[in-house]
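By letter and in written order, the chains are A, B and C; residue numbering begins at 1 in each of them.
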Amino acid sequence: MSAGAVNNVIEVRGVSKAFGGVQANTDISIDVPDGKITGLIGPNGSGKTTLFNSIVGYHPIDGGSIKFRGREISSLRVPDIARLGMLRTFQQTRIYSKMNCMDNMQISVSHRDSSTFSIFASRDTGEIVEEAERLLEFVGLYEKRFLISGDLSFGQQKLLEFAMALMNRPKVLLLDEPTAGINPTLINGLIDRLKRANEELGVTLLVIEHNMRVIMNLAEQISCLAHGELLATGSPDDLQNDPRVIDAYLGAH
Amino acid sequence: MKQSTALDLRVYAGLIAFGILGPILFPDYVQTIAVMWLMVLMAVTWDITGGQMGYNSLGNVCFFGIGMYASAIVQISQFTDVAAYTAAFGAIRVEFTDAQYFTGLFLGLIAGGIAAAVFALLIGPAMLGLRGPYFAIGTLGLAVAVGELVAGWGYVGGGGGISMPVYPGDAGAGAWMFYVLLAVLALGTHLVVRWLYSTQFGLAINAIRDDEDKADAMGIHANRYKTMAWAFAAFFMGIGGAIFGNMSGFIEPLEVAFPTATFGIFMVAMALLGGKGTLWGPVLGAILFHIVKEVTWTYLLGWQWVALGAIIIINIVYFQQGILGWAQDRWPAAFGLTVDRGGAARPAAGEAAE
Amino acid sequence: MIDNLYLLTQAPILGVDLIIQGLFIGAVFALIAYGLALVWGVMNVKNLAQGDMVILGGYITYQATLWGYHPIVALPAAIVLMFMLGWIIYVLIIRRVVDRDMFTSLLATFGLSLLIQQVLNLIYGPEVKVAESGFGDFEVGSFIIIQNVRLYSLLLAAALALAIVIFMKKSRMGQAIRATAQDARAARVLGIDTDQVYAFTYALNASICGAAGVLVAMIWVIQPYYGIVYSIRAFIIVTAAGLGNLPGVILTGFGLGVWENVAGFVFGAEFAVAAVVIMLVAVLMYRLVQLYRVRQVVR
């Protein structure tokens, strides 16, 4: 929309957040370009998850502005922001653990335009079921679709959570450490699926990641946080050679 | 799905057969069996929020009492002044014609349901913001508070209570009518609830039970659905209270309308006994609980309430998953759970996603 | 209600009287709430039978007077008996719910509350009882009459609270309790028998309730079904003050006593209980708003 060539779905401008006396985020500005995969890295405690939580509305921010598709969302609450089409997954994977995978998928449909009474539609409409099965197939859980999701392995639960997010057809998906705790042999498959979701389904991704190999492989643009401040933003190559980033990761203070 | 529908139909048929044959075979126990249907109603409606949504209320009995009082006010106010009627402590007798009585009763039942549901819609957004034990304690407090407020409200007779309009005609016929009303209400409510669980709404409240923060994060209108689910429960409890009030003939706040320590806890215990969060668990629990209670009552020589407390404790401490919950763990296949490609899924569950 | 408010403006001394009387009641409430905060904080059990244990202590006192003793004699007896009973209840019930979800412990103690009510009802009947202390009154000025028994109760409650605080600070068991409250797993690793600690904590709470019950029986009346209101009062105080905040518990206890006394006068005695319970709902709502403002970070 703006004059520039790149259209940003999320624009974070000068966001600060403190918890008690601890300054978790200071004056952070980040752009998430439409249709791309953007990475967010930084050592433990650098304020990545806090920034995530600020964007998706878990807590009010102390200052700055957060825009989603040109609309100010920093005062909206979590479900409202989710209904606008911006979803997040959790570091500690969260699914509805006593329901089976299909039910998990079916309830994850978009609630964007749901009126009060559309919720009383039968759950067995063909379209939704087909979509759910297709996406479970996509993440490789089709065979397990009638299992109680709490019985799945941790890695499978992560995949299910990802599929649930896709079921919602979000515009943007914020992934909090998608590969944490996953068997290394599965990571390549996951990266592949993230890329496919981005390319085939047109979902813009913002990914927090610890695993440098993964994020360098995945993202086209990366921002690095340290001590709650934005250290650098650039392409994976730029960041890999940025001395400040290397310092942050090697533990220099 | 098909299979469970057939099973459900058979259970409904069995219940209806029992509903018809029971009072015919045991005509002395019409009232007792009527109360059994009330118990079923209570357990089933409690389970909407308690079992399916994970919001364990200890105060749903307040909807029962509100429905009862709303129907009393509506039925009496049509033909006389309520304040004068209650002030006279039964000295004013209103002779209703049949038509007056039945239109009054009909309007009263509807008013009972609506008043309770409206109350739930009003307090729901605030109360349902409380989580876990705070919700349980808060709702318990709410029920006690409403009961105490009604007990201090002179217009409806305060603690002295109200005499309900008397059924015109002989008492036996009246008992039958209330029996039919309660049985139909209980079964009808179960049908509605069964339908409710088959919709997206059912999934939404299950999702709220499993992880409300996740449901929020996925854009589910959690607050709206929580209140709606509670209002559903309240509506049917309200009608139940209205019928029970008329059946009792005399209502008063602490023992009949808002009995937190009896009906209020019974409904929780019954749902837990049968298995909370299952479709038939609350029904099974209510029937068993009521039968055991009625059969053993007279032999306990005054110790029945003590025994009841003990049963509730044992139920909760030692057998919390309930009968159907236990059966579901034991034979998941029979409940349409887990099974797809036989038991092979479990051992392979390691990292078989690829 | 308007009349009563008018009366208060006309005779402010009445208000002073209400507040002073409220403070005396509040001391007993604070004691009961302190016991609840103890089990809540240490073992995360929300004891809905709290009030019924108080009433049970009251009936021990009443029994003592039936045998011709002065009610104050029942104080040590109530403490010891309730301690033993608390231990038994822990072994039979609480031990099995301590690690489960909180609704389970809540319901189990609610069942226990029914049980205690009904046993008392069977033995003593539903009539209200009182344990007459015969301590007499004394007057402050010409309007305010204070029953000596309330004064003594205040002092006793304070002495008991002080004893418990010293016990928690100095004794080995007290230290073990505090360690367990902070982190039960770490305490277990360090060799503390947490089961023992839980049992002791629950029993200690029961004897606190028993002692409070002695005071309640002397100051007011007891009845098998009065327990629930004491439970609710304890919950109000703990919820408002927070766990592990002894000064807060005492202050809120006093505050609740005053509120109850004033509300009972202004709205009329028939709304006294309603005033308490509505306060519970209000406190919960207040807490909700607080929580809303400082939402936890979700990972």
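Here is the rule we go by: a contact is a pair of C-beta atoms (placed from the backbone, for glycine too) under 8 Å apart; a residue touches a chain by one contact, two chains touch by 3 or more.
Worth saying up front: this structure is predicted, and the values here are computed from it rather than measured.
*Asks:* Where centres are the averaged C-alpha coordinates, which chain has the largest centre distance to subunit B?
*Replies:* A
*Asks:* Of the chains present, which has its C-alpha mean closest to the combined C-alpha mean?
*Replies:* Chain nearest the overall C-alpha centroid, as shown: B.
*Asks:* Could you grab the centroid distance between subunit A and subunit B? Build each centroid from C-alpha atoms only and quote it in angstrom.
*Replies:* Computed value for the inter-centroid distance: 42 Å.
*Asks:* In whole angstrom, what separates the CA-based centres of subunit A and subunit C?
*Replies:* Each chain reduced to its C-alpha mean, subunit A and subunit C end up 48 Å apart.
*Asks:* What whole-Å value do you get for the distance between subunit B and subunit C if each is reduced to the mean of its CA atoms?
*Replies:* 32
*Asks:* Can you pull out the residues of subunit A that are in contact with at least two other chains?
*Replies:* Residues 90 of subunit A touch two or more partner chains.
*Asks:* Which subunit B residues sit where two or more other chains touch them?
*Replies:* Those would be 213.
*Asks:* At least two partner chains per residue is the criterion; list those residues in subunit C.
*Replies:* In subunit C, 298 touch at least two other chains.
*Asks:* Taking the touch rule as given, give the residues of subunit B at its contact with subunit A in the complex, in rising order.
*Replies:* 1, 196, 198-204, 206-207, 209-211, 213-222, 224-225, 228, 337-341, 345-346, 349-354
*Asks:* Using the touch definition from the top, list the residues of subunit C that touch subunit B in their complex.
*Replies:* Counting only subunit C, the residues touching subunit B are 46, 48, 93, 96-97, 100-104, 106-108, 110-119, 121-122, 225, 228, 232, 235, 239, 268, 270-271, 273-274, 277-278, 280-281, 284-285, 287-288, 292, 298.
*Asks:* For subunit A, which residues count as touching subunit B in their complex?
*Replies:* Touch residues, subunit A against subunit B: 56, 78-79, 82-83, 87-88, 90, 94-100, 103, 106-112, 114, 116, 118-124, 139-141, 143-148, 151-153, 155-156, 159, 164-165, 168, 183, 185-186, 189.
*Asks:* Tell me, which parts of subunit B touch subunit C in their complex?
*Replies:* 56, 58, 126-127, 129-130, 132-134, 136-138, 140-142, 144-145, 148-149, 151-152, 158-159, 213, 260-261, 265, 268-269, 272, 302-303, 305-306, 308-310, 312-313, 316-318, 320
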